[in-house]
Amino acid sequence: MIVLFAIFLLTLLVISAIAIVRVKNLFVAVMLMGIFSLLMASTFFILDAADVALTEAAIGAGVSTIILLSALALTGEHERFATANRWLPLLVVTITTTTIIYATFDKPRLGDPEAPVHQHVAPWYLQNTPELIDIPNVVTAVLASFRGYDTLGEVFVVLTACIGVLFVLGARPEDAPKPAKQQGLRHHLIPKVVGRLLVPFIVLFGLYVQFHGDFGPGGGFQAGAIIATGIMLYAVLEGETAALKAVPSSLLMAMVAGGAILYGGVGVAAILLGGNFLDYSVLSSNPVDGQHLGILLVELGVGITVCGALLSIFHAFAAREHK
Amino acid sequence: MSMMIDIVSWILLLSGGAFVFIGGIGALRMPNFYTRVHAASLTDSMGTILILAGIMLQAGWSLALIKLLAILVFLLLTCPTASYALANAALLSGLKPDAKTLSPDDKGRPTP
Amino acid sequence: MELLGLYNYWVFAILLMVGFYAVIAKSNLIKKLLGLSIFQSAVFLLYITMDKVEGGTAPIIQKGATDQIFSNPLPQVLILTAIVVGISTTALGMAIIVRINEAYGTIEEKELQDQNRDP
Amino acid sequence: MFFATSIAILVTMALALARAVMGPSVYDRVLAVNMFGTKTALLLSVVAYLYGRPDFLDLALTYALINFVGVLAVLEFFQNRTVSPDLNKNDDVR
């Protein structure tokens, strides 16, 4: 029954993907990307991946639309050339699709409990999380504790991408002429009022997701994205300068680096206390309490870095716009 | 008693679904932009209220009830605002709400 | 019904190749990047498809409930981080496109190649 | 009954997608995206109950809070793009 939902949503997903590729106006493509992300989040939720769906929701609903639109504002929104030679790519794509579909006939069916994926390490995680870590959300336990190295790596990738954007687009020059026009939404009083009302609630909800991540869907990645969305909403309403006044760029830099350092620092602290790198059990006299403390700090580091990185990227694009 | 609550919540859920569906048809079939906004936004609010009320009756007194209330309040704040802002932006950009001038397509031609 | 269990994988294949088509056939750089992001989403879908267990529920252990079947948490962890990394890398690509536009005045691959041929 | 409601929502999502693909004006597409966001929030809350896991309402709450941000970003995009003088005379609207 639920499988039928998934099939319906996946069909819509294919339609929207083809529409994204075919449509001429890039602004429309970005709008359809928004729908694509909404469909993706629903599909993830129906396939039992609540944490992933929350991440896709936090990223796809606000951040990615805003970043794509601010890039479009700088480059222009019309695709000028039709595809010149479409037959060769189409041929390649058709052959590859057919090959992949042929290959899937050997895959285990959806939901097969005997599939090789479910035999290896996953049952161990599910069995031992209550005893070793004692938090209900197994995804958070695996993310922050069992596979802490992976997550540390991902945090550094986000940090590197942020540094890359700042290098490529350049920081805002100090003596840049102040934009003469009034920033923010000018003609829209009602959205401004309602939006201003929502900003604190979005940030509050972000904090809830951050600290409730051990018990329900949530964690640092989602919380960072949600809080960044809240501050981006403020920037959209009041103008980018006002948002920079509220969260100055020096603070953003400190957040981006500080979160990553916090994550690494917890690992180093574990070494100094006599354990392995990122082995939180030694952080407290009781190993389970140590795990709780370690996961809390690590998720906090992730949240701070993601929030700072997304906001820095947003400001880097927005600063270009006013030059 | 619980039977009554179930029946009421089923009626609410079904009528909410019907409202949502009618709104979808309206957004697809109406002739120009402003009528589509009208069809989509009103039924959106009504469908949201009915469906969430139906779920609330099923939830009973729990944390979920508070979350559902929060969802309802925020959806009721944001949806009409978004529709208003959209219609306002379209009006400011020069899309005339005249029944004779149907909404132009991307290249500015009137559509039949 | 047996074959419907493979539908997710077919959608994965189609989405992958729709994204790939945009990357190789389209001339506009932003369109290529959007294609890349569809490609990426297809991979996410593959992983999440593999995590589902029949009759299972999301791997968040509920107090009091016993003998629940849980879906596989591992693919979820991998994809959760990959989504955030994905948007950061897309933003980096966008930044490079913005700079290309400033330097050459166009983001169409064809015009960029023409400019390189006869400066 | 959750099942019937979610089917109605799914069909509406398909209709909204059709509107988004057909256009014709860009505002129609934004309208479709906004509709789609509301429908997703409703679908997620209904499916959470269909699964019997009410603690997943957080997802619907996320959409209820931040789906609006995308629409406002679009409005700001339009506002900065269309700076023709005859549009600015409408400043007294606010």
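Labels A, B, C and D are assigned to the chains in the order they are written; within every chain, residues are numbered from 1.
Note that in this section a contact is a pair of C-beta atoms (placed from the backbone, for glycine too) under 8 Å apart; a residue touches a chain by one contact, two chains touch by 3 or more.
Quick caveat: nothing in here was measured; it's all calculated off a predicted structure.
Q: Which number of steps is the smallest that gets you from subunit B over to subunit C via touching chains?
A: The distance in steps between these two chains is 2.
Q: Which chain pair racks up the highest number of C-beta contacts?
A: Looking across every pairing, the one with the most contacts is A-C.
Q: Centre to centre, by mean C-alpha position, how many angstrom separate subunit A and subunit D?
A: Averaging C-alpha atoms per chain gives centres 20 Å apart.
Q: Would you kindly tell me how far, in whole Å, the mean C-alpha position of subunit D lies from that of subunit B?
A: Distance between chain centres: 10 Å.
Q: Please report how many Å separate the Cα centroid of subunit A from that of subunit B, as a whole number.
A: 28
Q: List, in ascending order, every residue of subunit B touching at least 2 other chains.
A: In subunit B, residues 74, 78, 81-82, 85, 88-89, 92, 106 touch at least two other chains, as defined above.
Q: At least two partner chains per residue is the criterion; list those residues in subunit C.
A: 57-58, 60, 62, in rising order.
Q: Quick one: which residues in subunit D touch 2 or more of the other chains?
A: Expected reply: 13-14, 16, 23, 26, 30, 32, 53, 55-56, 58, 61, 65, 67-68, 72, 75, 79, 90, 93.
Q: Mind giving me all the chain pairs that touch?
A: All touching pairs, sorted by chain label, are A-B, A-C, A-D, B-D, C-D.
Q: Show which residues of subunit D lie in contact with subunit B when the two form their complex.
A: The touching residues are 1-2, 4-5, 7-9, 11-16, 18-19, 23-28, 30-32, 34-35, 38-39, 41-42, 45-46, 49, 54-55, 57-58, 60-61, 64-65, 67-68, 71-72, 75, 78-79, 82, 87, 90, 93.
Q: Report the residues of subunit A in contact with subunit D in the complex, numbered from low to high.
A: Subunit A residues touching subunit D: 1-2, 5, 8-9, 12, 15-16, 19, 25, 27-28, 31-32, 34-35, 38-39, 41-42, 45-46, 50, 53-54, 57-58, 61-62, 65-66, 69, 72-73, 184-189, 191, 194-195, 198, 201-202, 205, 209, 212, 216-218, 226, 229-230, 232-233, 236-237, 321.
Q: Touching residues of subunit A toward subunit C in the complex: what are they?
A: Going through subunit A, the ones touching subunit C are 3, 6-7, 10-11, 13-14, 17-18, 20-21, 26, 29-30, 33, 36, 40, 43-44, 47-52, 55-56, 59, 63-64, 67-68, 71-72, 74-76, 79-81, 83-86, 89-90, 92-94, 96-97, 100-101, 104-105, 107, 109-113, 115, 117-118, 121-122, 125-126, 129-130, 136-139, 142-143, 147, 150-151, 154, 157-158, 161-162, 164-165, 168-169, 215-217, 219, 221, 224-225, 306, 309-310, 313, 316-317, 320.
Q: Spell out the part of subunit D that touches subunit C in their complex, as residue ranges.
A: My answer: residues 51, 53, 55-56.
Q: In the complex, go through subunit C and note every residue touching subunit D.
A: 57-58, 60, 62
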